[in-house]
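Presented sequentially are two complexes of chain A, the first with chain B as partner and the second with chain C.
And now, the complex of A and B:
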């Protein structure tokens, strides 16, 4: 039973780490503000869920689990809201998304 | 419908819990991690979030600067007052043992009051600094 719980929690933790790292890679390598925000904001939600879920499996039914669940709940409220506010502020400040360049005709490659 | 419904809805949802958590950190500080400074910062962050979502005018109705200025001094007064009361009771400055007949109860009371003073001052000063910065741009 304990082995199964360990396997479940480690799978969730490693999945969360993978999502966090991929979000960071996207944050550095994507071309403009909105795609970077997309990479960070989207992976962040599931990354936090998987890592906190894995920790909850490790903690079992205890006060620590309840606290982790609350942290997860508040992260789920605040993280998308922060992304939304950033994107809206950027749009209002006049930063447009980077679109495909029109000089290159699509048939060339 | 306001111009930023998402922000206002989330702020309305979160601000009470942030304030409640600030009070928890304040008054649970003698048993767990926490204390006056952190509690004051969290409490001020809740009100700053309110000001960011709803605007400076509404925030100044909730936390009027005319009230915050005396409060920021009151916390320091409470801190120093506890120290002076300990001196008047025959101890050294901030010697909590002499605040009550029982030294343990005196320590409890002293830490609680001093941290409460720190919390009041930090929260009031944080909000005032934020108001000063935002008010300058308007």
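And now, the complex of A and C:
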């Protein structure tokens, strides 16, 4: 039983590590601030979920697991707020996004 | 008043969970004092209105979270593909105003946060009519235009309408 749990836990942890590395690679590969924000989003969401989930499997049914779940909950509530604040501040500061279609300035439809 | 009690009780419950010390009278009393102080500050700041969630929202929230979690997994897959195989899955950054059909500030905040939480899309501006979204590709913006998420958040908000 503990072998199964270890396997599940390690799969989740390694998956989380892969996504974290992917986010870092994306940070380098993507061309501008806004697209890099999306790459960081991978690290913020599923990478964090898998690593915390893997740790929860290790901790079992305990207070530690509940705390880990709360960390994930708060992370998922606050990280979009931070991303949104960053993107909004960048746009307000006049940093234009590099868009695929040139004739598409953000205007209200 | 009922909100105040509810806030105090849930804060104390949360304190109990985080502390894990349930047998020391002194610590329990100190926890009670600190949650009472926070509750008092919240009351003084008159922020309690912001807590008046419609009761039905709590019942519908778990279902929405489950749906959102699946969306987050799919979106992660999409972004990771675009990171590792840029030749097969090129990016096409797009920015667009999308309509938001939610009636309350809370609903719009949930919608915008959900957009930002799914990798590949970030909500930049929100007003009464809509959300300005930056997307990693034209496809994710087209997906959002399909308004599946918008409808779900609106249904989460008022418990009716949508499909």
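Heads up, the rule we're going with is that the second predicted complex is superposed on the first by the 97 of 109 C-alpha atoms of A that agree within 3 Å, B and C clash if a C-alpha of one lies under 4 Å from a C-alpha of the other, contacts with A are read in each partner's own complex, and residues count from 1 in each chain.
Note that contacts are C-beta pairs under 8 Å (C-beta built on N, C-alpha and C of every residue); 3 or more make two chains touch, one makes a residue touch a chain.
This one's a predicted model, so the numbers in the text were calculated from it and none came from an experiment.
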* To do: With the two complexes superposed on chain A, say which partner A:74 touches: chain B (first), chain C (second), both, or neither.
  => first
* Touching A:41, do we find chain B (first), chain C (second), both, or neither? -> second
* Which partner does A:4 reach: the first (chain B), the second (chain C), both, or neither? -> neither
* Look at A:93 in the shared chain and tell me whether it touches chain B only, chain C only, both, or neither; answer first, second, both or neither. => neither
* Structure fact -> The answer to whether chain B or chain C touches more of chain A is C
* **Touching both chain B and chain C, residues of chain A** => 77, 81, 84, 88
* Sites on chain A touched by chain B in the complex -> 74, 77-78, 81, 84-85, 88
* Structure fact -> In the complex, the residues of chain A that touch chain C are 19, 22-23, 25-26, 29-32, 34-35, 37-39, 41-42, 44-46, 49, 63, 66-67, 70, 76-77, 79-81, 83-84, 87-88, 91, 97-101, 104, 106-109
* chain A-touching residues of chain C, taken from the complex the two chains share -> 17-18, 20, 72-73, 76, 79-80, 82-84, 86, 91-97, 112-114, 116-125, 129-130, 132, 134, 136, 138
* Name, in rising order, each residue of chain B that touches chain A in their complex. => 4, 6-7, 10, 13-14, 17
